[in-house]
Amino acid sequence: MGLALLLVIWLITFASTYFFIAKTWWFPVGYSAAAAAIDHQFTVTFILMGIVFVLAQGALGLFAWRYRDRGDAHPVQYSHGNITLEVIWTALTAVLFIGLNLAGSPIWAAERFEPAHPGSVPVEVTGMQFAWYFRYPGADGKYGATNPKLIDPSSGNEAAIGLDTSDPAAKDDVVTGTMYLPVNREVDLTLRAVDVIHSFFVPNMRFKQDAVPGLAIRMHFTPIAVGDYEIACAELCGLGHYKMHGMVKVVSQDDYDKWLAAREAAK
Amino acid sequence: MATLSPTVTLKDLKTGHGGGIVPPPKTGGGGDGGGNGAPDYGGRLRRARLGLIVALTPIIMLFVAFTSAYIFRQGLPTLDAAGKAYIRDWMTVNLPIALLMVNTSLLLVSSITMEFARRQITRQAALAPVRSIPGISIGEERGFPWLYLTVVLGIGFLVGQWFAWQELGARGFYLATSPSSSFVYLLTGAHAVHLIGGIFALLYAAATSLLHRPVEARRIVVDVTAWYWHFMALLWIYVFALLVLAR
Amino acid sequence: MSTHAPVHVHAAPQGFIRKYIFSLDHKVIGLQYYFLALTSVFIGMFLSLLMRVHLIWPQAVLPLVGDIKPENYLAFVTMHGTIMVFFVLTTAPQGGFGNYILPIQIGAPDMAFPVLNMLSFWTTFVGFVALIAAFFVSGGAPLHGWTGYAPLSALQSAGPGQGLGADLWITSIAIFCIASLMGALNFITTTLDLRAKGMKLMRMPLTVWAWFITAILGLLAFGVLLSAGILLLLDRNLGTSFYVPLVVVNGQVMGHKGGSPLLWQHLFWFFGHPEVYIAILPGMGVTSQVLSTFARKPIFGYKAMVYALMGIGLLGFMVWGHHMFMSGMSPYSAFAFSLMTMAIGVPSAIKTFNWLGTLYKARIRFHTPMLYAIGFVSLFVSGGLSGPFLAQPVLDIPLHDTAFVPAHFHLIMGVAAIFGIFAATYYWFPKMFGRMMNESLGRIHFWITLVGTYAIFMPMHYLGLAGQPRRYSQFTEVAYLHNLIPLNKFITYAAIITISAQLIFLFNLFWSMWKGAKASDNPWEATTLEWTTATPPPHDNFGGHTPVVNHGPYEYSVPGAPRDYIMQNDPATASTH
């Protein structure tokens, strides 16, 4: 039985670790400026935790087999513990865990403590049951007013977010169902929600933030490669949660300008 | 199914019936290992008081949670209807302070009467073994009905709170009128619910007297209820102070 | 500190109702909790089976249930979580085994307040009925998840099941809070006041410490959940705006203004995090108890284990914000919470090292309880080590609300804690029912469950890394999820096999009650007080002879002793422990 435990525990450990190392299922490629740092912190954590995992499971399996009752008079080590050992492994664990945390903190600070830089592209993302809408403030750089009473989800775009065209600042606002972004420019994101909590999750950008009703949350990220990247809602928002997805299209600055101009003209 | 509780004669165990002839009080505190039939009321009182302290903890946590929600909500900015700016929508409630002060006095006086009731029955319980010695007479047991007076005052407080709610409504502050009014009803309502529990405890204490339970056992009920009652008074002062000072 | 005063022990009850229905005997009440949890776990597992099957075959029409629409799937998600967390993991380890064993292990004839104990079980039962009723009302069970985030949970029109079903859900939870608080009161008072002579605090078995500290956690946490629930009921039904700001649902402007969805999260998780420690601590206590018994060695570092339990309990109240890193909460708070969260990994690691230390140079007997205890350690390591990923906010960005999170908490709560319940069942079954459970069936059950649960939950980590979000009722609409469906299939097959294998346990449990080999008073040659008394224990636990304790709880293989265990009440040489 001890041998069986050793074999099964070691096998499970080996199999789990194998699929992690082989990256059979892994993060999608990160195409944002922050992705490299986030992925690096993940790798460091993963290696350290992986070592602990293998050692701990290995020891468990080994002890289960090695110290099985063999029916002989082999003496048991009567011991109530070892203070020195306790102190050592407590200190090591504390250093490891706290150290890991502190190592990752500068990345968090860069992502979240500071606002977007001047000159970044402003986009407002609004989540509602069960679609994402994106608003560009236009030439005046200001988002116009929205009015809850004007919200009509079935009409899409401007009506879905309740754009109040009586506000002059709203006249040049462009609302779309697909998010266009110019490559290599920071995005100054404002996240809003109309009904319940949603979460704006773009795996390729290593970006996630809940969109909370009653709040306008300012975030930023910088896409660094042209392409189409899927958005998935990452906070349970009702029966359509599984199909509340969208698309981020990162294009060249030229293409972005052309697209925006075309949408402005169409208003 | 295997027997869960086979019948066992429990000759050596306490059965809790203290009626009949009771020997003079022992000088030692607890530990009735010898089976002389006298329940250890001292130990049971300590246990009941310990239980009360433990029970008060979650009540305190409930009001700590309400308080943090109150403070959090008071300072909370929310996006305005146009989605452009953050506003704070905390509206000061026009509390009927005078009426609430009257209620507070009722409750504080009821705490005093409760304390008299507690001391009264403590004396009676201490004298009970003496009283049962044949040939001793120490006079009538009936004293001032402090317990019943406490019940009356407690009900008076609750009625007064009801009037305060009516007055709040008359001033335009209902449960859902504003976040601040919601908290007024929430905090005073939660306190009232717990006080009603205290009144049931008092009625139970009164019932044990009518049912002729041994006075030492009744003393434990009254004692624990009394401390609970004092706690309710302190809690009310806290709630009142919070609503007035942190408007 | 204990008064050693005898509890006002009621005479042995007569009549079926007094003996089995409204019993005041902690042993009967413990079994009532256990069987409630057993019923609940099979309901919860059935729901998860439906969920896994639907994910792979979304169009399937199933027997009994029919076709599963997205709202049905989410109702299953919600009820599965609620039933498992409350009516299994907070019921069996604490209400079940705690009630049955704690008084005996400290040498007491019953809990401090037997009537309150009886009431706490029946209140729990009422809560259970209220919850299950949600399936049968118009609109069905709620779809907002066991975490019930507002405004989704606060708006009756936010989805099917969010009407009466959601009201029943929160009412059931409120009732459960009250029941748990009553239970916690009893556990704490009993542990402090009813210990037998010689049962010093530092001689209590680690199971008692675990139940005691768990009760303290519950005492402090459930009041806050109750407050959250009261505010939710008010928002849902009386128009208040604690949690709901100005929102528009389906084009309708709701009448709320200014509330904060984050308030619900703070209040809920202030309870929710200690709750997961409530779910695991008793299992840790049982693991320590069982490892020591079957290793024939004292637990390594008893005092450190006690302090680690306390440390986990205390720190458990300071980490709730790690559920809210992506919520819109201040990033500075996030940093503070993440530091505390990494800190709580330390006492957990200490416990793991000490369990390994207990096995080191031991003499291990592989009875079924021991298999489960060893399994607990393995699963706790696996589930625990994914914690440091989620504890770092910057790594939480890609991982929050993906399958990585249920992988983490299922390995710990959904498997390790369950292994704690299995270990306790196989271990104490002889004492409770006077018969042994079948070892062969126990082994088969163990192996299938160990391998099966790893097969279910290890792959979920990979799905999380690949970005699979939680609580999706199907994976057909989001393109990047399509090539994750094969791995999801594998998980579903593993789940079908593992869930089916639990029937072996069920059979073993009931069959052994009637047909199991008769058990002696101390079949495991263990040291703690429950093994000193008759099997099953008499009504007052010790037949009138209150034990006097002379030894610590884990005096195995003491050099020079006549046999390899010294029972706690052994009158021979009082030890230094």
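For reference, chains read A, B and C in written order, and residue numbers begin at 1 within each chain.
What we mean here is this: a residue touches a chain if its C-beta (ideal position, glycine included) is under 8 Å from a C-beta of that chain, and two chains touch if they have at least 3 such contacts.
All values reported here derive from a predicted model rather than from experimental measurement.
Asker: Which chain's C-alpha centroid is most distant from that of chain C?
Answerer: Relative to chain C, the chain whose C-alpha centre sits farthest away is B.
Asker: Looking at every pair of chains, which two share the most C-beta contact pairs?
Answerer: The largest set of C-beta contacts joins the chains A-C.
Asker: Between chain A and chain B, what is the gap in Å from one C-alpha centre to the other?
Answerer: Once rounded, the distance between the two centres reads 50 Å.
Asker: Can you compute the centre-to-centre distance for chain A and chain C, using the mean CA position of each chain? Integer Å is fine.
Answerer: 29
Asker: Counting in whole Å, what is the centre-to-centre distance of chain B and chain C, each centre being its mean C-alpha position?
Answerer: Here the centre of chain C sits 32 Å away from the centre of chain B.
Asker: Please output the residue numbers of chain A that touch at least 2 other chains, ranges allowed.
Answerer: 148, 214-215
Asker: Touching at least two other chains at once: which residues of chain C meet that condition?
Answerer: Touching at least two other chains: 245-246, 258-260.
Asker: Send over the residues of chain B in touch with two or more other chains.
Answerer: If we look for residues of chain B contacting two or more partner chains, we find 78-79, 81.
Asker: Any idea which chain A residues touch chain C in the complex?
Answerer: Chain A residues touching chain C: 1-2, 4-5, 8-9, 12, 15-16, 19-20, 24-28, 37-38, 41-42, 45-46, 49, 52-53, 56-57, 59-60, 63-64, 67-69, 74-82, 85-86, 89-90, 93-94, 97-98, 100-101, 104-105, 107-109, 111-113, 128-129, 148-149, 151-154, 162, 194-197, 199, 201, 203, 206-210, 212-215, 217, 230, 232-243, 245.
Asker: In the complex formed with chain A, which residues of chain B make contact?
Answerer: Those in contact with chain A are residues 78-79, 81-84.
Asker: Going by the contact rule set out above, which residues of chain C touch chain B in the complex?
Answerer: It comes out as residues 3-6, 8-9, 11-13, 19-20, 23, 25, 27-28, 31, 109, 112-113, 181, 184-185, 188-189, 192-194, 219-224, 226-228, 230-231, 234, 238-242, 245-246, 255, 257-260, 263, 266-267, 270, 432-435, 513-514, 536, 538-540, 543-544, 546.
Asker: Considering only the defined contacts, which chain B positions touch chain C in the complex?
Answerer: For chain B paired with chain C, touching residues are 1-8, 10-16, 29-33, 39-40, 42-44, 46-47, 50-51, 54-55, 57-62, 64-66, 68-69, 72-73, 76, 78-79, 81, 89, 175-176, 179, 182, 186, 190.
Asker: Per the contact definition, I'd like the list of chain A residues that touch chain B in the complex.
Answerer: 143, 145-148, 164, 167, 192, 214-216
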